[in-house]
Every structure is written in structure tokens, then in C-alpha cells.
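To keep things simple, chains are lettered A, B, C and D as they appear, and every chain counts its residues starting from 1.
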Amino acid sequence: MKAKIHVTLKSGILDPQGKAIEHALETLGFKNASNVRMGKYLELDLRETTQDRAEAEVKAMCEKLLANTIIEEYRYELNT
Amino acid sequence: MKAKIHVTLKSGILDPQGKAIEHALETLGFKNASNVRMGKYLELDLRETTQDRAEAEVKAMCEKLLANTIIEEYRYELNT
Amino acid sequence: MKDSQVITKDIIAQHGLADDEYKKVIEILGREPNFTELGIFSVMWSEHCSYKSSRVHLKKLPTTGPRVVQGPGENAGAVDIGDGLCAVFKMESHNHPSFIEPYQGAATGVGGILRDIFTMGARPIALLDSLRFGLLDRPKNRHLLKGVVSGISAYGNCMGVPTVGGEIAFNEIYSNNPLVNVFCLGIARKDRLFKGTAAGVGNPVLYVGSKTGRDGIHGATMASDSFDEASESKRPTVQVGDPFTEKLLLEACLELMETDLLVGIQDMGAAGLTSSSCEMASRAGNGLELDLTHVPRREPGMTPYELMLSESQERMLMVAKQGKEDEVLRICRKWDLDAAVVGRVTGDGILRVKDQGKVVAEIPAKALAEDGPKYERPNAPPAYQEYLQALNFDALKEPKDYTATLLELLDAPTIASKRWVYQQYDHMVRTNSMVRPGSDAAVLRIKGTNKALAITADCNGRYCVLHPYMGGMIAVAEAARNLVCSGAEPIGLTDCLNFGNPERPEVMWQFILSVEGIADACQAFNVPVVSGNVSFYNETNGLNIYPTPIIGMVGLIEEADKAMTQWFKRAGDAIVLLGATREDVGGTEYLRVVHHREQGEPPYLNLDTEKTLHACTLKLIREGLVQSAHDCSDGGLAVALAECCVSVPTQPLGAVVRLTGYTIRRDALLFGESQSRVVLSVKADAADKVLTIAKAMGVPAAKIGTVGGERLVIDVEASKQASACRVDAELKTLLDRWGNSLERALNQA
Amino acid sequence: MNFGVIVFPGSNCDHDCTHVISSVLGQKAVPVWHKETSLAGLDAIILPGGFSYGDYLRTGAIARFSPVMGAIKTFASEGGMVLGICNGFQILLEAGLLPGAMLRNQSLSFICKDVHIKVENAATPFTGLCESGQVLKIPIAHADGNYYTDPVTLAALQANAQIIFRYCTPDGKVTPDANPNGSLDNIAGIRNAEGNVLGLMPHPERCAEDVLGNDDGRVIFLSMLDALKEAKLKTVVA
């Protein structure tokens, strides 16, 4: 099974990278872009066949390691 | 319009961060995870109403700034 | 929460204001406060901002001296170093934020102390970090250490300010209350120091830096509260640092200060816009009118309460000369910083805050900033103090294998090399680092002069819990000794006093005695305290940390090429021990590691003896007689000798040492932590001269060995009490145990 | 000679470079703000280390669009000498003035320490005063110095002697253990095909003075100066 995980900053938390990228896009002439936010994207293979167990495992990985839940939130998809 | 952009290392390029995360997951007891790859995930608002123009614009942003195509590839979605 | 909120008893309590304090608010205002005003009083009168429990005691610290250019009271202190320059420095804690989110907490701690330095008009040239964690066998503590170090590394490195040293100690007592203290040193022209003053009625007030978000609202009150499970819910207050913006802010401020545009400047640290505005007004005896409508914001819908209390990072408040605001704004734009005129200085002494044309707060600035509560809180020794100090050393067995014991001590994370940490810090940027991390103190040359400055941070919390007065004195003595061993004369200090809950009499007792110890030592060494910080409420679930008053000290080396390092230089050099060794085993690392006790009286310190040792060491170094100098601290003489062998960044050198004529126990001799001792290496033919000079100055001195070889061998001669014993270890083994210990501890599964 | 030192927002080794140019080389160091579009009057250009634009997104990614980069490209295409140190190297890569890209260090951590590098090609304007094979002790300080390029480009770099510095042991052996960050082929510094643009991760400006206990880096600046004087001599003679 393949897990695709998105980890993003909670809304309201300062995103210095997003800010800098937005500014850079603007200077490059992309004036239509706004609210740039930057996060992490992770992919991994999971040796687990039941959907439920896989979900529980990915969730645990996010909580324990992949996301810093004090400032970040996460979501994931599972595909076979 | 909202653009969601994924920038990931090309396959075949060693991903030190992915590797480190895989190792960390293993130490934490998640032995079922493998092939961890880490990339960037960007979201932005686009003041552009036609799908074509928006696509062209996001593509240009990726090529010019958001991805380094020597080592990275990108994909994007557009939603209204 | 709405601004129209009715003030209830609950709300007052949530704001941490005691009944008496609230009465005083009403007295000052002549009416009930509104919600915004209540918020403002609550942060300004928090322990963190008002020093209400510590102020009366801090008065004991000596703060004056011929070199003092700026004592406590401004953003940082300053001492004269000649050549028209001064050294500007201060230390700050970021303990609670670092426990909640180690990376961001530590990073924003670095950001805050840097701003304190460059608001003074000084360019920051070095950082030190003082850290305390619980033992590394707990995963949580490893996580905290890694997070804190990467946060400091990320922020300091990006700023281009080298982190050139610091200290770390580990003790279970810090498990739920780690300490993160950061010291910063800057250099300014003596005639161009800036202050946080809102002088000149009518002058414009400008806001410069990042936009304001809802970050860290009530951070100051959080730093003034103990931790418990419920603190988890305070988590949304985490602030995120943006070192890139801070770098721009630094350059913009220094550029502005080159011009003649500014009257005063202050950073928005704890309590943000509130503390910066009312403190600047109060210092000048003026009032200040703010119009929040113009404050740059990151999020829509922010209330005046939120705008006034936000602790968004990387922001400054400036008072410019009238008519110069456009020029200030232009320079800010050059550095891509948000900036706006947000108010003006008034003559009525009132901090008046407006939003959308409406007055939302009106408070006398001076009363708010200075008439806060002051407490002389009750103090009493803890019930367990006698037990702590009662150590029956005779009941403890001597080690069987002294080599194994030395290796065990070198492997203890508190003693082991901190290379894993400082290698992640850029410690060379700005190209001043003459002595990098790894020696007793870091040494920085001062460009454009022949001088150098040495800096160090020190404290032994265990000594302080066993005997707060002696512990406070020793912290100062050790810092000074580290500077002296680097060839520097101590010229000023800053402190960061980390203590538990001051509402507990035993914590106040520890605090008062530690401060007195520090004060007496400063007096004896003639080193003034020019800045500092108090961090109370380091208490979690009722458990208080050891009293940990960290001392950051600055020393001057008149001729930079006289800077000294701690490691042996050449085979054949003689090893000389300065100072006397007593049976000082109480509170030692040896006692903890080998006998699992933290007990006893800490080592005895005599200030005169220590002072003479400093004078002697400095004289020997200045006369060019010394090849290396290292003080004995944690782990005692044996550990100091091992460090002299292996702490060199290049090729280690062995030594053969023979200790004769001692009447104390062999473990006390090797691992006891007697104060006022320094291990020197000197050229073989200079040894006699060194001994003669020491003797003439009244410092006990003995040649104890010779540098060279592939091993460290320490022979203790047989005496009436005991047979001979020997420490004998290969350099390879010493290096591995000492050098890789931290990495091993961090990589354990 | 006039050395231009580019100042990007977030550069933090710019002062260190100007210090070396003026105090050690005795030449004129001119800070060049990143919004400049002309490099007139400058004999050589240095892109200093630091965290331009906070290293946000990717190191060098945003700085490469600074207005001054156009002028630097022209300067380089006309044969002008350009040195990129650390972040400067990363910017040159992003700008396409040098081939390849930087990945995160294998350890993932920022590493600040002395390393040894071997001068693989002493016939360049940046290494002219070195011996071929000479070992220099120079500090690194970076988190993203893990050099990568595709196999074809790597082969070309090797074939054209464009690899100027490799990480090595103190006695000059190029081994995996001597590689601090995982760089392909132990690459510490490369030049362009024409030979006038050099990028390296180690910081020679941090070890160019006795007072800092190491002056191994000085030879790189002295070589540049030497090459500039030589070139000037030629134009005068011609």
C-alpha cells in the first residue's frame, strides 16, 4: 500500500518560507499569486494489507514523527 | 482559484531526508514503512479565472522558481 | 474574546492578577479597566516583565565600575573596552517556549536576545547557549535536546552570528523543565549607543519589521506561571521565528543608526507593542499615542487586545525625529521590511491606544511600567536542606579501578565533549573566532584593534541546590577562571537567574542566597553586573528545578596574540598545578556518577584565594610563560588532565603525571572539585620560573608531570592512608569515551 | 584591483570577504547591492556565503533572480572572474552559471568544522599559486553542500578538469570518510567549462589570517589577484 501524506502549518501560524516565496513570485511578475503556504509532502510504501491497520499506522507515524502537531496539521491518503 | 503544487525529487536521486525519516520510523517501531520520499507541498491562491491561463501561469512558476528541474519534478492541481 | 467583554473575577484570575494588584489597577486608572487595559496590565505586571519578586533582591548586585557605560535597565548592558568601543551584552531565557516546542522556542530565544543587542546600536558578534536537560535515556529528553540545538543552529547560523560556546548539563530535575538561556555579545561605538526612550513630544513613533499575527499572546504571563497538564492547552501561543526577516531588521536598524534619524528604539519582545511603548514613554517621562489602525497585520479581524499583546517576532518600535519619518520608511523599504508610522510622543504621560478613531486604552505610562507590584516574598530553607548537605564520605568506598572511573566520568554527558552540539553551530562566521568552542572560553578578536574579548557561560546547579550562596559565588568564580585561563581579564557580567516558583519560601530562600553569593563574588573580583534576566516558575507538577543562576562573563585581552587555550601543545612541556586540592567531594559529578548521590557541601571557595589565582595565572600568561591553561571544574583534576590531552582539535597529546605528598583520599584527589585550581603546561625550562612567581604571589604550585606519549598516566603515590594507584589510558580510548559520548547517547534506540 | 562583493538580502559572509580583500590582499573591496544592474569598474566578483532569502524554498533559488544576476552573467560571459563561496556557490548553481545542484547534507545537519580539500587543478585563475595535489585545511559551514549532477555532466566535469577541489584526508587521500556531506565524487568545488567561474563550499575567507590560526585560504585570493594582474599586464602590452 502507498501512503501520501501532507503536512502543513496550521492556519494563523507564521510561514516565513511561504512569505518569501510569495514575495519572490511577485518580483518575477506573477502578481496574481497570494496566500502562498509551504508544507511537506511524504510518500511511503506500507507493508500492510488491511485498510484499517494501515490507517492506524500512518496516523500514528504522523502524530509521533512526521508532523509537529503543535504547529502543523496533517492529512493522508492510502492507495493500493 | 487555488493551486496545489507538489515538488518531489526525481526518482533515482538519493533523498537524504526521506532516508533519515525512514530510519527514524524504524527506530520508533514502524517496521512496515519503506521507500520514504520527502518533497514539498505548496498551496497558493491565484487571481485568474480561466483554467488555461491559470495552468500556464502555475507551470511557469514551477519551471522558473518552485522546482529545480535538475533534481526535482513537479505536478499541480487547480481547483476553484 | 471581545473588547466589550465584561470584567469578571474569573477573567481577572485568568490574567494572573491578584486581588491587590487589581485594586491597584483601579487606583491608578481611577476606574475599572476595560478588557484591553486589563490585558495590558496583566502582561506588564507579570513576573516576567515586572520582576515583582526579584527586584528588591537584585539591588544587591554591584552594577557600577569605571568601565560601565550602561548598567541594568536598558535592553542590554555595555562596558568600555577602549578604542572608543564598548562590549554590549545580555543573556535571556526561553525555557517554557522551548519545552512546548523546542525548535521554535529556542530559535525565537536567539532572535530575542539578538534584538536586545542590536537595538543598542551594537553589531552582534557572538552567541553562547546555556542548556539544561533531563537525562538522555529518556526519548523525550533526546527530542528536546535535538530540537533546541537545531533551533539555535537554524536561527543563529542564518543571522550570521557565530555561536562560539556555551555549556550543557544534564540532570533528571530538568526533565520536565529544560533550560534554554542564550547570551549575545555585540560591539558598538561608545558614543553611538542607542536607548529605548520616547523623548521629544510630537516625535513620530514607527513600527518596523514583521507583520503582527496572533502569535504568543500571553507569552509573558506563560513565562510567569508553573507548568501542569493544563499548559498543553496554552499551546497555540507558540511563536515561529523568521531569521531571514530578523537579518534584514538587523541590517536596517544598523543602517538607520548610522544616520541621524532616530531618537529611541526598542524591540518588541515579551508583551510586544505594550511593553515597548509604555517602557519607552516611561523612561522619557512622556506619554505615547498609538493608532493601531496603522499596525501591519498578518491576519484579519485582530482586536486591539490581540494587537497590543501579540508577541509576533522580528519587530521594533522606533521614535524618529520629527519630519524624518519618510527617510526612515525609505531605509526600511530598501530592506523589504514592513514599516509604518503608528503614533507619536505626547507630553501628558499617558499611553493612549486608539483603533479606528476610538480610544481603546488610556493608562499612565509610568505607573504601568514602574509602579507594578513589588514583593518581598517569604523565604525559608527547605525541609530537606539538612539531608542534602549531610554526606558521610567515609561510608563510601573508593573505586577499585581508577582508569575505569575516569572513563566513566569522561563519558558522562555533562562532562563529555559537546562537539556534536557546536558542530551544528556556525562558530566561525564574521572571522573573529580565535578560540573556537572546545576551550575554557571562546576568544574573539576585535577588528580594527589589537584586542580580543573572551566570553564564557557557567553555573553548577547542583552546587546551588546544596548551598545556594556558595553555588552563586562559584558560578561567578568559575566563569572568571575560564576567562583568566584564556588570557583575559574579566570586565563585566550578565546573568540569567533560573529558579522555581517564587511563591514557595524555599525557592525564594535559594534565590536570595544565590544572588548574595553572586554579589559578593562580583564585588571581590571587581566585575560589575550590567544586565540580566530572571526566569521564575521553572516548576512542573510541583517539582522545582535546581536553582540555576547562569553567569555570562566577558573578559578583555589587551594583546590578542596572548590568547590562551586549554590543550597541551608540545611533548616535553612541564605540567604545573596551581592551587590547593582539598577533600571536596560534596556535590561532585564523581559522587553522582559513581555513588549515585547528589549530596554534601559543595566545594569550598575562598574569594581571596581565587582572586590571587586569577592574578597569578594572568601574569604568567602575559609574560609568555604558559603554553596551555585549563581550570579544574566538573570531574576534578583527572578530568582536567584528560581534557588537556584530548580536547585539541588536531593531534591529541598524552601526559605522564605523578601526584605526591597528598593526605586526602585518592578519589577526592583525582575527582574532587576543589576550586581555585588551574592546570598549566609550560616549556620545560620555564617551569622553575613559573613556580617561583606563583610562590611569590602566594599561590600553591607544583610541577606534577610532563606532556607527551600516546597515553595519559596518572600515578598517585602511596601515603600513610592508602596504597598507590594509577590511571592509565590510551589517548584513543579517552578520545572515544569523551568525544563520542553525546552522539552515542543521542543515537540510542 | 577592484573586487565586487555581492550583497543579497541574507548574505552574511559579505563583510568577511570584504575584510580579506582589503586587509589581507590590500585591494579595493566594493559591496554591490543585489539590485545593482551594472558591475562597471570591477575586476572580479565574489558571491559570498550566507542565507540569501533565508535559504527558503531551496538554497540560492530566490537570489538567482536578483537584478544583479543579469549583470553577473554578462560579466562572466565576457571572461570576468567570478567566485562563489558556499551560498554563493549554491546561487551560481541555481543560476545555471555552474552545472549541478545541491542536496541536503547526508547527515541532514548543518556542519561547521575544518575539512581538508585537495587542489585537483592548479591551472586555474583561482588556484594558480597552488601546487597540483596540494592539501588545504579550510572550514565548511553548511547544511546543503551535497553536490549532485547527472552522470553525463559529471563525466564532462571530470574530463575537462572542472573539478577543482575534492574533500580528502589530511594527507590527501580522496576517501568516502573524508567526504563531510555526501557530495558526488567528493566534490568540494568546480569551475565552468571556460574556467572563469568557480564555486566551492569551503570558506577560504575564514582562514586567510594568522591570527585565526590558519591561513590556508589566503592562497585562493592571492591566486585570483595574481591572475588579474597577469591579465591586466596582457591588455596593457596588447
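By our rule, contacts are C-beta pairs under 8 Å (C-beta built on N, C-alpha and C of every residue); 3 or more make two chains touch, one makes a residue touch a chain.
Predicted model only: the values in this text are computed from it and were never measured.
In this structure, the chain pairs C-D and A-C differ in their number of contacting C-beta pairs, and the larger number is found at C-D. One simple way to say how far apart two chains are is to compare their mean CA positions; for subunit A and subunit B this gives 10 Å. Between the Cα centres of subunit A and subunit C there is a gap of 36 Å. The distance from the centre of subunit B to the centre of subunit D, with each centre set as the mean of the Cα atoms, comes to 30 Å.
Of all residues in subunit C, those that touch two or more other chains are 242, 244-245, 336. Counting partners per residue, subunit D has 53-54, 56-57, 61-62, 65 as the residues that reach two or more other chains.
Within subunit B, the positions touching two or more other chains are listed as 40, 65-66. You'll find the chains touch as A-B, A-C, A-D, B-D, C-D.
Residues of subunit B touching subunit D in their complex: 13-14, 16-17, 20, 40, 65-66, 68, 70-71. Remark: subunit D residues 53-54, 56-57, 61-62, 65 touch subunit A in the complex. Residues 3, 6-8, 18, 21-22, 24-25, 28, 30, 32-48, 57, 60-61, 64-66 of subunit A are the ones touching subunit B in the complex. Interface residues of subunit D facing subunit B in the complex, by the touch rule stated above, are 57-58, 61-62, 65, 94, 100-101, 103-108, 146, 148-150, 182. For subunit D in complex with subunit C, the residues that touch the partner chain are 9-10, 12-13, 15-16, 19-20, 49-51, 53-56, 109-114, 139, 141, 203, 205-206, 209, 211-213.
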